[in-house]
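To keep things simple, chains are lettered A, B, C and D as they appear, and every chain counts its residues starting from 1.
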Amino acid sequence: MRAAFEPTTDVRDYRFCHRLRVRFAETDAMGVVHHAAYLPYLEECRVEFLRSVGHPFDEIRREGFELPVVDISAHYLRPLRFDDVVDVHLSVATARGATFELGYLLCVADEARATAVSRHGVVGPAGRPVRCPDWLAALART
Amino acid sequence: MRAAFEPTTDVRDYRFCHRLRVRFAETDAMGVVHHAAYLPYLEECRVEFLRSVGHPFDEIRREGFELPVVDISAHYLRPLRFDDVVDVHLSVATARGATFELGYLLCVADEARATAVSRHGVVGPAGRPVRCPDWLAALART
Amino acid sequence: MRAAFEPTTDVRDYRFCHRLRVRFAETDAMGVVHHAAYLPYLEECRVEFLRSVGHPFDEIRREGFELPVVDISAHYLRPLRFDDVVDVHLSVATARGATFELGYLLCVADEARATAVSRHGVVGPAGRPVRCPDWLAALART
Amino acid sequence: MRAAFEPTTDVRDYRFCHRLRVRFAETDAMGVVHHAAYLPYLEECRVEFLRSVGHPFDEIRREGFELPVVDISAHYLRPLRFDDVVDVHLSVATARGATFELGYLLCVADEARATAVSRHGVVGPAGRPVRCPDWLAALART
(Lines give C-alpha, C1' and ligand atoms only; values in the text may rest on other atoms or scores of the structure.)
Protein backbone atom coordinates (compact mmCIF):
# COMPACT_ATOMS: atom_id res chain seq x y z
CA MET A 1 0.00 0.00 0.00
CA ARG A 2 2.74 2.48 0.85
CA ALA A 3 4.10 4.92 -1.65
CA ALA A 4 7.58 4.04 -2.85
CA PHE A 5 9.04 7.42 -2.06
CA GLU A 6 8.85 10.34 0.31
CA PRO A 7 8.02 13.72 -1.19
CA THR A 8 10.53 16.34 -0.08
CA THR A 9 9.96 19.92 1.04
CA ASP A 10 12.56 21.22 -1.43
CA VAL A 11 10.83 22.92 -4.37
CA ARG A 12 13.80 22.07 -6.61
CA ASP A 13 12.70 18.43 -6.51
CA TYR A 14 9.50 19.30 -8.39
CA ARG A 15 9.11 19.97 -12.11
CA PHE A 16 5.76 21.74 -12.26
CA CYS A 17 3.93 24.32 -10.16
CA HIS A 18 0.28 25.37 -10.16
CA ARG A 19 -1.01 28.28 -8.10
CA LEU A 20 -4.48 28.41 -6.59
CA ARG A 21 -6.29 30.30 -3.85
CA VAL A 22 -8.12 28.83 -0.86
CA ARG A 23 -11.92 29.20 -1.01
CA PHE A 24 -13.95 30.04 2.07
CA ALA A 25 -16.05 26.92 1.42
CA GLU A 26 -12.92 24.81 1.97
CA THR A 27 -12.40 25.96 5.56
CA ASP A 28 -13.88 24.24 8.60
CA ALA A 29 -14.87 25.16 12.14
CA MET A 30 -11.22 24.95 13.26
CA GLY A 31 -10.75 28.05 11.10
CA VAL A 32 -8.38 26.32 8.68
CA VAL A 33 -8.72 24.35 5.44
CA HIS A 34 -10.36 20.98 6.06
CA HIS A 35 -7.93 18.13 5.43
CA ALA A 36 -10.18 16.57 2.75
CA ALA A 37 -10.13 19.80 0.71
CA TYR A 38 -6.44 19.30 -0.11
CA LEU A 39 -7.23 16.36 -2.41
CA PRO A 40 -9.03 18.47 -5.02
CA TYR A 41 -6.01 20.84 -4.91
CA LEU A 42 -3.75 17.94 -5.87
CA GLU A 43 -6.17 16.95 -8.61
CA GLU A 44 -6.38 20.50 -9.99
CA CYS A 45 -2.58 20.62 -10.12
CA ARG A 46 -2.46 17.20 -11.81
CA VAL A 47 -4.91 18.35 -14.48
CA GLU A 48 -2.87 21.49 -15.19
CA PHE A 49 0.33 19.44 -15.29
CA LEU A 50 -1.14 17.07 -17.89
CA ARG A 51 -2.26 20.08 -19.94
CA SER A 52 1.24 21.60 -19.68
CA VAL A 53 2.84 18.50 -21.18
CA GLY A 54 0.37 18.43 -24.07
CA HIS A 55 -1.97 15.73 -22.77
CA PRO A 56 -5.09 17.42 -21.37
CA PHE A 57 -6.93 15.07 -19.00
CA ASP A 58 -10.16 15.82 -20.80
CA GLU A 59 -8.60 14.52 -24.03
CA ILE A 60 -7.22 11.45 -22.26
CA ARG A 61 -10.73 10.69 -21.01
CA ARG A 62 -12.30 11.24 -24.43
CA GLU A 63 -9.88 8.66 -25.82
CA GLY A 64 -11.35 6.21 -23.31
CA PHE A 65 -8.65 6.23 -20.65
CA GLU A 66 -9.06 6.82 -16.92
CA LEU A 67 -6.33 7.46 -14.36
CA PRO A 68 -8.06 6.43 -11.12
CA VAL A 69 -6.41 7.21 -7.80
CA VAL A 70 -5.50 3.90 -6.16
CA ASP A 71 -3.56 5.30 -3.19
CA ILE A 72 -3.36 8.71 -1.65
CA SER A 73 -1.35 9.97 1.26
CA ALA A 74 -0.96 13.44 2.65
CA HIS A 75 1.21 14.87 5.38
CA TYR A 76 -0.11 18.09 6.91
CA LEU A 77 2.72 20.29 8.20
CA ARG A 78 1.08 23.64 8.90
CA PRO A 79 -2.52 24.70 8.26
CA LEU A 80 -3.78 26.52 5.18
CA ARG A 81 -6.18 29.37 5.77
CA PHE A 82 -8.89 31.16 3.83
CA ASP A 83 -7.54 33.29 0.98
CA ASP A 84 -4.04 31.77 1.15
CA VAL A 85 -2.33 31.64 -2.23
CA VAL A 86 -1.04 28.10 -2.51
CA ASP A 87 1.72 26.90 -4.84
CA VAL A 88 1.18 23.21 -5.55
CA HIS A 89 4.43 21.67 -6.83
CA LEU A 90 4.32 18.33 -8.65
CA SER A 91 6.78 15.71 -9.80
CA VAL A 92 6.34 12.34 -11.49
CA ALA A 93 8.02 9.94 -9.09
CA THR A 94 7.56 6.62 -10.84
CA ALA A 95 5.77 5.26 -13.90
CA ARG A 96 6.06 1.52 -14.25
CA GLY A 97 3.67 -1.02 -15.72
CA ALA A 98 0.09 0.16 -15.33
CA THR A 99 0.66 2.56 -12.42
CA PHE A 100 2.40 5.84 -11.78
CA GLU A 101 3.08 7.96 -8.73
CA LEU A 102 3.04 11.72 -8.35
CA GLY A 103 4.60 13.69 -5.50
CA TYR A 104 3.30 17.06 -4.33
CA LEU A 105 4.53 19.91 -2.16
CA LEU A 106 2.11 22.66 -1.10
CA CYS A 107 3.68 26.00 -0.16
CA VAL A 108 2.43 29.43 0.84
CA ALA A 109 5.02 32.17 0.25
CA ASP A 110 7.70 29.46 -0.04
CA GLU A 111 6.81 27.91 3.30
CA ALA A 112 5.96 24.20 3.13
CA ARG A 113 2.43 23.46 4.35
CA ALA A 114 1.89 19.87 3.20
CA THR A 115 3.31 17.08 1.09
CA ALA A 116 1.37 14.34 -0.64
CA VAL A 117 1.61 11.34 -2.93
CA SER A 118 -1.01 9.99 -5.31
CA ARG A 119 -0.69 6.63 -7.02
CA HIS A 120 -2.78 6.04 -10.12
CA GLY A 121 -3.78 3.14 -12.27
CA VAL A 122 -4.01 3.48 -16.04
CA VAL A 123 -7.24 1.99 -17.34
CA GLY A 124 -7.83 1.61 -21.08
CA PRO A 125 -10.96 1.82 -23.23
CA ALA A 126 -11.80 -1.82 -22.46
CA GLY A 127 -11.88 -1.06 -18.72
CA ARG A 128 -8.66 -3.01 -18.18
CA PRO A 129 -5.27 -1.86 -16.86
CA VAL A 130 -2.87 -0.83 -19.62
CA ARG A 131 0.78 0.26 -19.62
CA CYS A 132 1.61 3.88 -18.80
CA PRO A 133 1.92 5.81 -22.04
CA ASP A 134 5.52 6.45 -23.12
CA TRP A 135 5.25 10.22 -22.72
CA LEU A 136 4.35 9.73 -19.05
CA ALA A 137 7.10 7.19 -18.39
CA ALA A 138 9.58 9.63 -19.96
CA LEU A 139 8.62 12.26 -17.34
CA ALA A 140 9.32 10.00 -14.37
CA ARG A 141 12.46 10.59 -12.35
CA THR A 142 13.17 6.87 -12.11
CA MET B 1 -37.22 31.49 -12.56
CA ARG B 2 -38.97 31.74 -9.23
CA ALA B 3 -40.51 28.80 -7.48
CA ALA B 4 -44.28 28.86 -7.57
CA PHE B 5 -44.72 28.48 -3.84
CA GLU B 6 -43.25 29.39 -0.49
CA PRO B 7 -42.25 26.52 1.77
CA THR B 8 -43.68 26.97 5.25
CA THR B 9 -42.09 26.41 8.64
CA ASP B 10 -45.00 24.21 9.77
CA VAL B 11 -43.94 20.55 9.80
CA ARG B 12 -47.55 19.50 9.18
CA ASP B 13 -47.23 20.82 5.63
CA TYR B 14 -44.66 18.13 4.82
CA ARG B 15 -45.30 14.47 4.06
CA PHE B 16 -41.87 12.94 4.58
CA CYS B 17 -39.00 13.40 7.01
CA HIS B 18 -35.40 12.23 6.84
CA ARG B 19 -32.97 12.64 9.73
CA LEU B 20 -29.24 13.22 9.28
CA ARG B 21 -26.36 14.53 11.33
CA VAL B 22 -24.03 17.42 10.45
CA ARG B 23 -20.48 16.36 9.56
CA PHE B 24 -17.48 18.35 10.72
CA ALA B 25 -16.35 18.59 7.08
CA GLU B 26 -19.54 20.57 6.35
CA THR B 27 -18.68 23.41 8.71
CA ASP B 28 -16.72 26.51 7.72
CA ALA B 29 -14.53 29.10 9.41
CA MET B 30 -17.62 30.94 10.73
CA GLY B 31 -18.10 27.86 12.92
CA VAL B 32 -21.39 26.87 11.29
CA VAL B 33 -22.49 24.71 8.36
CA HIS B 34 -21.45 26.28 5.06
CA HIS B 35 -24.49 27.36 3.04
CA ALA B 36 -23.52 25.14 0.09
CA ALA B 37 -23.54 22.04 2.30
CA TYR B 38 -27.33 22.26 2.71
CA LEU B 39 -27.91 21.23 -0.92
CA PRO B 40 -26.59 17.68 -0.45
CA TYR B 41 -28.87 17.45 2.62
CA LEU B 42 -31.87 18.21 0.41
CA GLU B 43 -30.64 15.67 -2.13
CA GLU B 44 -30.15 12.98 0.52
CA CYS B 45 -33.70 13.58 1.75
CA ARG B 46 -35.04 13.47 -1.83
CA VAL B 47 -33.33 10.12 -2.44
CA GLU B 48 -34.80 8.65 0.75
CA PHE B 49 -38.21 10.04 -0.13
CA LEU B 50 -38.14 8.36 -3.56
CA ARG B 51 -37.11 5.09 -1.90
CA SER B 52 -39.95 5.44 0.61
CA VAL B 53 -42.55 5.66 -2.16
CA GLY B 54 -41.14 2.60 -3.94
CA HIS B 55 -39.11 4.38 -6.62
CA PRO B 56 -35.44 4.31 -5.60
CA PHE B 57 -33.49 7.00 -7.47
CA ASP B 58 -30.86 4.42 -8.38
CA GLU B 59 -33.56 2.37 -10.13
CA ILE B 60 -34.95 5.47 -11.86
CA ARG B 61 -31.45 6.19 -13.21
CA ARG B 62 -30.92 2.57 -14.33
CA GLU B 63 -34.13 2.87 -16.35
CA GLY B 64 -32.49 5.79 -18.15
CA PHE B 65 -34.20 8.70 -16.44
CA GLU B 66 -32.55 11.71 -14.80
CA LEU B 67 -34.19 14.30 -12.55
CA PRO B 68 -31.81 17.25 -12.94
CA VAL B 69 -32.18 20.25 -10.64
CA VAL B 70 -33.21 23.22 -12.76
CA ASP B 71 -33.80 25.72 -9.93
CA ILE B 72 -32.83 25.76 -6.32
CA SER B 73 -33.54 28.27 -3.62
CA ALA B 74 -32.76 28.20 0.07
CA HIS B 75 -33.66 30.51 2.91
CA TYR B 76 -31.30 30.30 5.89
CA LEU B 77 -33.08 31.15 9.14
CA ARG B 78 -30.65 30.10 11.87
CA PRO B 79 -27.28 28.37 11.50
CA LEU B 80 -26.71 24.63 11.72
CA ARG B 81 -23.68 23.52 13.72
CA PHE B 82 -21.40 20.50 13.84
CA ASP B 83 -23.11 17.38 15.20
CA ASP B 84 -26.60 18.87 14.99
CA VAL B 85 -29.26 16.25 14.27
CA VAL B 86 -31.28 17.69 11.41
CA ASP B 87 -34.78 16.66 10.40
CA VAL B 88 -35.28 17.40 6.73
CA HIS B 89 -38.99 17.53 5.91
CA LEU B 90 -40.14 17.23 2.30
CA SER B 91 -43.30 17.76 0.32
CA VAL B 92 -44.11 17.50 -3.38
CA ALA B 93 -45.42 20.95 -4.22
CA THR B 94 -46.20 20.63 -7.90
CA ALA B 95 -45.77 18.07 -10.67
CA ARG B 96 -46.88 19.33 -14.06
CA GLY B 97 -45.63 18.52 -17.52
CA ALA B 98 -41.94 17.69 -17.43
CA THR B 99 -41.10 19.44 -14.15
CA PHE B 100 -41.86 19.04 -10.48
CA GLU B 101 -41.12 21.07 -7.37
CA LEU B 102 -40.20 19.89 -3.90
CA GLY B 103 -40.36 21.96 -0.72
CA TYR B 104 -38.12 21.38 2.29
CA LEU B 105 -38.02 22.43 5.91
CA LEU B 106 -34.89 21.78 8.00
CA CYS B 107 -35.36 21.60 11.76
CA VAL B 108 -33.21 20.87 14.77
CA ALA B 109 -35.21 19.77 17.80
CA ASP B 110 -38.35 21.15 16.11
CA GLU B 111 -36.85 24.57 15.56
CA ALA B 112 -36.85 25.72 11.93
CA ARG B 113 -33.37 26.39 10.60
CA ALA B 114 -33.93 26.69 6.86
CA THR B 115 -36.48 26.22 4.10
CA ALA B 116 -35.75 25.37 0.48
CA VAL B 117 -37.29 24.59 -2.87
CA SER B 118 -35.87 22.46 -5.67
CA ARG B 119 -37.37 22.34 -9.14
CA HIS B 120 -36.50 19.38 -11.33
CA GLY B 121 -36.81 18.40 -14.93
CA VAL B 122 -37.69 14.87 -15.95
CA VAL B 123 -35.37 13.65 -18.70
CA GLY B 124 -36.02 10.35 -20.44
CA PRO B 125 -33.74 7.70 -21.94
CA ALA B 126 -33.46 9.68 -25.19
CA GLY B 127 -32.10 12.69 -23.28
CA ARG B 128 -35.33 14.63 -23.87
CA PRO B 129 -37.84 16.03 -21.37
CA VAL B 130 -40.70 13.63 -20.64
CA ARG B 131 -43.87 13.95 -18.55
CA CYS B 132 -43.65 13.40 -14.80
CA PRO B 133 -44.54 9.79 -14.05
CA ASP B 134 -48.08 9.32 -12.73
CA TRP B 135 -46.94 8.11 -9.32
CA LEU B 136 -45.07 11.40 -8.82
CA ALA B 137 -47.96 13.57 -10.03
CA ALA B 138 -50.23 11.69 -7.60
CA LEU B 139 -48.03 12.78 -4.69
CA ALA B 140 -48.24 16.48 -5.50
CA ARG B 141 -50.37 18.71 -3.36
CA THR B 142 -51.73 20.55 -6.39
CA MET C 1 -38.05 34.98 0.89
CA ARG C 2 -37.76 35.70 -2.81
CA ALA C 3 -35.02 37.83 -4.25
CA ALA C 4 -36.23 41.25 -5.32
CA PHE C 5 -34.85 41.01 -8.82
CA GLU C 6 -34.21 38.61 -11.66
CA PRO C 7 -30.64 38.29 -12.83
CA THR C 8 -30.41 38.67 -16.59
CA THR C 9 -28.38 36.71 -19.13
CA ASP C 10 -26.93 39.92 -20.61
CA VAL C 11 -23.30 40.34 -19.53
CA ARG C 12 -23.62 44.11 -19.85
CA ASP C 13 -25.82 44.11 -16.73
CA TYR C 14 -22.86 42.96 -14.61
CA ARG C 15 -19.98 45.08 -13.33
CA PHE C 16 -17.40 42.43 -12.43
CA CYS C 17 -16.22 39.14 -13.89
CA HIS C 18 -14.12 36.37 -12.40
CA ARG C 19 -12.88 33.41 -14.42
CA LEU C 20 -12.41 29.93 -12.98
CA ARG C 21 -12.10 26.39 -14.28
CA VAL C 22 -14.27 23.40 -13.35
CA ARG C 23 -12.51 20.77 -11.23
CA PHE C 24 -13.06 17.07 -11.80
CA ALA C 25 -14.06 16.75 -8.13
CA GLU C 26 -17.02 19.03 -8.84
CA THR C 27 -18.61 16.70 -11.38
CA ASP C 28 -21.12 13.98 -10.52
CA ALA C 29 -22.27 10.67 -11.98
CA MET C 30 -24.46 12.49 -14.53
CA GLY C 31 -21.15 13.61 -16.06
CA VAL C 32 -21.77 17.30 -15.34
CA VAL C 33 -21.04 19.71 -12.50
CA HIS C 34 -23.15 18.89 -9.44
CA HIS C 35 -25.66 21.66 -8.73
CA ALA C 36 -24.26 22.26 -5.22
CA ALA C 37 -20.80 22.97 -6.63
CA TYR C 38 -22.01 26.21 -8.21
CA LEU C 39 -22.37 27.89 -4.80
CA PRO C 40 -18.63 27.92 -4.08
CA TYR C 41 -18.16 29.43 -7.58
CA LEU C 42 -20.44 32.32 -6.61
CA GLU C 43 -18.54 32.71 -3.34
CA GLU C 44 -15.15 32.70 -5.07
CA CYS C 45 -16.39 35.41 -7.43
CA ARG C 46 -17.79 37.43 -4.49
CA VAL C 47 -14.44 37.27 -2.70
CA GLU C 48 -12.58 38.48 -5.80
CA PHE C 49 -15.14 41.22 -6.32
CA LEU C 50 -14.65 42.51 -2.77
CA ARG C 51 -10.88 42.44 -3.29
CA SER C 52 -11.28 44.36 -6.57
CA VAL C 53 -13.13 47.20 -4.83
CA GLY C 54 -10.49 47.45 -2.11
CA HIS C 55 -12.29 45.54 0.63
CA PRO C 56 -10.82 42.03 0.82
CA PHE C 57 -13.21 39.66 2.58
CA ASP C 58 -10.38 38.46 4.78
CA GLU C 59 -9.88 42.03 6.01
CA ILE C 60 -13.64 42.50 6.54
CA ARG C 61 -13.62 39.35 8.71
CA ARG C 62 -10.56 40.47 10.68
CA GLU C 63 -12.43 43.68 11.51
CA GLY C 64 -15.12 41.49 13.07
CA PHE C 65 -17.74 41.56 10.32
CA GLU C 66 -19.44 38.60 8.67
CA LEU C 67 -21.58 38.63 5.53
CA PRO C 68 -23.65 35.46 5.99
CA VAL C 69 -25.75 34.19 3.11
CA VAL C 70 -29.40 34.46 4.13
CA ASP C 71 -30.96 33.46 0.80
CA ILE C 72 -29.60 31.79 -2.27
CA SER C 73 -31.25 30.92 -5.53
CA ALA C 74 -29.82 29.46 -8.70
CA HIS C 75 -31.30 28.80 -12.09
CA TYR C 76 -29.50 26.11 -14.09
CA LEU C 77 -29.81 26.71 -17.83
CA ARG C 78 -27.28 24.34 -19.40
CA PRO C 79 -24.82 22.02 -17.66
CA LEU C 80 -21.19 22.84 -16.88
CA ARG C 81 -18.67 20.11 -17.59
CA PHE C 82 -15.23 19.15 -16.36
CA ASP C 83 -12.50 21.56 -17.48
CA ASP C 84 -14.96 24.22 -18.67
CA VAL C 85 -13.63 27.74 -18.26
CA VAL C 86 -16.42 29.63 -16.53
CA ASP C 87 -16.84 33.40 -16.46
CA VAL C 88 -18.79 34.35 -13.34
CA HIS C 89 -20.28 37.82 -13.76
CA LEU C 90 -21.45 39.73 -10.70
CA SER C 91 -23.50 42.82 -9.93
CA VAL C 92 -24.65 44.44 -6.71
CA ALA C 93 -28.42 44.50 -7.06
CA THR C 94 -29.49 46.12 -3.81
CA ALA C 95 -27.90 47.27 -0.56
CA ARG C 96 -30.41 48.53 1.96
CA GLY C 97 -30.39 48.44 5.73
CA ALA C 98 -28.48 45.40 6.96
CA THR C 99 -28.81 43.29 3.80
CA PHE C 100 -27.53 43.34 0.24
CA GLU C 101 -28.18 41.25 -2.85
CA LEU C 102 -25.78 40.13 -5.53
CA GLY C 103 -26.71 38.84 -8.96
CA TYR C 104 -24.61 36.38 -10.94
CA LEU C 105 -24.41 35.11 -14.51
CA LEU C 106 -22.24 32.10 -15.34
CA CYS C 107 -21.08 31.79 -18.93
CA VAL C 108 -18.83 29.47 -20.91
CA ALA C 109 -17.52 31.05 -24.11
CA ASP C 110 -20.24 33.73 -23.81
CA GLU C 111 -23.03 31.19 -23.55
CA ALA C 112 -25.19 31.55 -20.43
CA ARG C 113 -25.14 28.43 -18.26
CA ALA C 114 -26.73 29.65 -15.02
CA THR C 115 -27.91 32.69 -13.15
CA ALA C 116 -28.04 33.13 -9.40
CA VAL C 117 -28.83 35.53 -6.58
CA SER C 118 -27.34 35.63 -3.10
CA ARG C 119 -28.75 37.77 -0.33
CA HIS C 120 -26.49 38.56 2.61
CA GLY C 121 -26.82 39.96 6.06
CA VAL C 122 -24.20 42.30 7.49
CA VAL C 123 -23.24 41.26 11.02
CA GLY C 124 -21.00 43.46 13.13
CA PRO C 125 -18.39 42.70 15.78
CA ALA C 126 -21.09 42.42 18.46
CA GLY C 127 -22.81 39.65 16.48
CA ARG C 128 -25.71 41.95 15.61
CA PRO C 129 -26.96 43.16 12.22
CA VAL C 130 -25.44 46.48 11.18
CA ARG C 131 -26.03 48.78 8.19
CA CYS C 132 -24.32 47.99 4.90
CA PRO C 133 -21.10 49.97 4.70
CA ASP C 134 -21.34 53.08 2.49
CA TRP C 135 -18.84 51.77 -0.06
CA LEU C 136 -21.10 48.77 -0.65
CA ALA C 137 -24.30 50.80 -0.87
CA ALA C 138 -22.54 53.03 -3.42
CA LEU C 139 -21.96 50.02 -5.68
CA ALA C 140 -25.61 48.99 -5.77
CA ARG C 141 -27.62 49.64 -8.89
CA THR C 142 -30.61 50.83 -6.88
CA MET D 1 5.49 10.45 7.35
CA ARG D 2 4.33 6.87 6.90
CA ALA D 3 1.79 5.28 9.15
CA ALA D 4 3.29 2.70 11.48
CA PHE D 5 0.89 -0.06 10.50
CA GLU D 6 -1.08 -1.50 7.62
CA PRO D 7 -4.83 -1.68 8.04
CA THR D 8 -6.10 -5.16 7.22
CA THR D 9 -9.17 -6.21 5.24
CA ASP D 10 -10.31 -8.53 8.07
CA VAL D 11 -13.27 -6.99 9.89
CA ARG D 12 -12.28 -8.87 13.06
CA ASP D 13 -9.30 -6.52 13.41
CA TYR D 14 -11.64 -3.57 13.98
CA ARG D 15 -13.48 -2.68 17.17
CA PHE D 16 -16.14 -0.29 15.91
CA CYS D 17 -18.38 -0.04 12.86
CA HIS D 18 -20.45 2.85 11.52
CA ARG D 19 -22.83 2.48 8.59
CA LEU D 20 -23.52 5.26 6.09
CA ARG D 21 -24.94 5.60 2.60
CA VAL D 22 -23.25 7.18 -0.42
CA ARG D 23 -24.76 10.50 -1.52
CA PHE D 24 -25.19 11.37 -5.18
CA ALA D 25 -23.20 14.57 -4.56
CA GLU D 26 -20.21 12.39 -3.66
CA THR D 27 -19.98 10.74 -7.07
CA ASP D 28 -17.94 12.08 -9.98
CA ALA D 29 -17.98 11.87 -13.77
CA MET D 30 -16.35 8.41 -13.65
CA GLY D 31 -19.68 7.28 -12.15
CA VAL D 32 -18.13 6.32 -8.81
CA VAL D 33 -17.47 8.05 -5.49
CA HIS D 34 -14.71 10.66 -5.86
CA HIS D 35 -11.60 9.67 -3.91
CA ALA D 36 -11.70 12.85 -1.80
CA ALA D 37 -15.21 12.02 -0.57
CA TYR D 38 -13.91 9.05 1.43
CA LEU D 39 -12.20 11.34 3.94
CA PRO D 40 -15.44 12.74 5.37
CA TYR D 41 -16.65 9.11 5.69
CA LEU D 42 -13.63 8.36 7.89
CA GLU D 43 -14.31 11.49 9.90
CA GLU D 44 -18.00 10.66 10.36
CA CYS D 45 -17.01 7.20 11.61
CA ARG D 46 -14.39 8.74 13.95
CA VAL D 47 -16.99 11.09 15.42
CA GLU D 48 -19.42 8.22 16.04
CA PHE D 49 -16.64 6.11 17.55
CA LEU D 50 -15.74 8.87 20.02
CA ARG D 51 -19.41 9.20 20.95
CA SER D 52 -19.66 5.42 21.44
CA VAL D 53 -16.84 5.45 23.99
CA GLY D 54 -18.40 8.32 25.93
CA HIS D 55 -16.29 11.18 24.58
CA PRO D 56 -18.32 13.06 21.95
CA PHE D 57 -16.03 15.09 19.69
CA ASP D 58 -18.23 18.12 20.21
CA GLU D 59 -17.59 17.89 23.96
CA ILE D 60 -13.85 17.40 23.40
CA ARG D 61 -13.84 20.60 21.33
CA ARG D 62 -15.86 22.53 23.91
CA GLU D 63 -13.21 21.62 26.48
CA GLY D 64 -10.67 23.32 24.22
CA PHE D 65 -9.07 20.30 22.57
CA GLU D 66 -8.59 19.66 18.85
CA LEU D 67 -7.56 16.40 17.19
CA PRO D 68 -6.14 17.68 13.88
CA VAL D 69 -5.33 15.18 11.14
CA VAL D 70 -1.57 15.25 10.61
CA ASP D 71 -1.33 12.35 8.14
CA ILE D 72 -3.88 10.56 6.06
CA SER D 73 -3.52 7.67 3.70
CA ALA D 74 -6.11 5.72 1.78
CA HIS D 75 -5.92 2.65 -0.39
CA TYR D 76 -8.76 2.31 -2.89
CA LEU D 77 -9.49 -1.33 -3.69
CA ARG D 78 -12.80 -1.26 -5.57
CA PRO D 79 -15.04 1.72 -6.30
CA LEU D 80 -17.99 2.83 -4.22
CA ARG D 81 -21.12 3.82 -6.10
CA PHE D 82 -24.14 6.02 -5.50
CA ASP D 83 -26.53 4.60 -2.89
CA ASP D 84 -24.05 1.96 -1.67
CA VAL D 85 -24.46 1.19 2.02
CA VAL D 86 -20.96 1.39 3.44
CA ASP D 87 -19.76 -0.14 6.69
CA VAL D 88 -16.81 1.86 7.98
CA HIS D 89 -14.82 -0.21 10.48
CA LEU D 90 -12.39 1.52 12.85
CA SER D 91 -9.64 0.54 15.22
CA VAL D 92 -7.24 2.55 17.39
CA ALA D 93 -3.84 1.41 16.18
CA THR D 94 -1.53 3.44 18.37
CA ALA D 95 -1.77 6.22 20.96
CA ARG D 96 1.59 7.43 22.16
CA GLY D 97 2.70 10.85 23.34
CA ALA D 98 0.67 13.54 21.61
CA THR D 99 -0.42 11.51 18.58
CA PHE D 100 -2.67 8.59 17.82
CA GLU D 101 -3.43 6.54 14.74
CA LEU D 102 -6.71 5.08 13.58
CA GLY D 103 -7.16 2.35 11.00
CA TYR D 104 -10.23 1.99 8.79
CA LEU D 105 -11.77 -0.64 6.55
CA LEU D 106 -14.66 0.28 4.24
CA CYS D 107 -16.91 -2.57 3.13
CA VAL D 108 -20.09 -2.94 1.11
CA ALA D 109 -21.95 -6.16 1.87
CA ASP D 110 -18.79 -7.51 3.53
CA GLU D 111 -16.62 -6.85 0.48
CA ALA D 112 -13.59 -4.65 1.18
CA ARG D 113 -13.63 -1.46 -0.87
CA ALA D 114 -10.89 0.62 0.78
CA THR D 115 -8.59 0.83 3.77
CA ALA D 116 -7.24 3.98 5.35
CA VAL D 117 -5.16 5.36 8.20
CA SER D 118 -5.45 8.74 9.90
CA ARG D 119 -2.84 10.06 12.29
CA HIS D 120 -3.90 12.82 14.66
CA GLY D 121 -2.25 15.27 16.97
CA VAL D 122 -3.77 16.15 20.32
CA VAL D 123 -3.80 19.91 20.84
CA GLY D 124 -4.78 21.38 24.21
CA PRO D 125 -6.57 24.58 25.22
CA ALA D 126 -3.29 26.54 25.01
CA GLY D 127 -2.87 25.53 21.36
CA ARG D 128 0.05 23.24 22.25
CA PRO D 129 0.42 19.46 21.83
CA VAL D 130 -0.64 17.51 24.90
CA ARG D 131 -0.53 13.81 25.78
CA CYS D 132 -3.30 11.53 24.51
CA PRO D 133 -5.94 11.22 27.19
CA ASP D 134 -5.76 7.97 29.17
CA TRP D 135 -9.13 6.72 27.90
CA LEU D 136 -7.81 6.92 24.33
CA ALA D 137 -4.49 5.26 25.10
CA ALA D 138 -6.44 2.45 26.80
CA LEU D 139 -8.29 1.76 23.53
CA ALA D 140 -5.13 1.34 21.45
CA ARG D 141 -4.11 -2.13 20.40
CA THR D 142 -0.45 -1.44 21.21
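One rule holds for everything that comes next: a residue touches a chain if its C-beta (ideal position, glycine included) is under 8 Å from a C-beta of that chain, and two chains touch if they have at least 3 such contacts.
From a predicted model like this one, the values you see are computed outputs, not experimental measurements.
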Which one of the chains is farthest from subunit C, going by Cα centres? D
If more than half of the interface residue numbers appear on both sides, call it same; otherwise different. Which is it for subunit B and subunit C? same
Which chain pair shares more contacting C-beta pairs: A-D, or B-D? A-D
With centres defined as the mean C-alpha position, give me the subunit A-subunit B separation in Å. 35
Centre distance in Å when subunit A and subunit D are each reduced to the mean of their C-alpha atoms: 22
For subunit B and subunit D, what's the span in angstrom between their mean Cα positions? 29
For subunit B, give me the residues that contact two or more of the other chains. 24-25, 36, 39-40, 43, 82
List the residues on subunit B that touch subunit C in their complex, please. 1-2, 6, 30, 35-37, 39-40, 43, 66, 68-76, 79, 115
Spell out the residues on subunit D that touch subunit C in their complex, using ranges where they run on. 24-25, 27-29, 31-32, 34, 36, 82
In the complex with subunit A, residue positions of subunit C that touch it: 21, 23-26, 39-40, 43-44, 47, 56-58, 61, 82-83
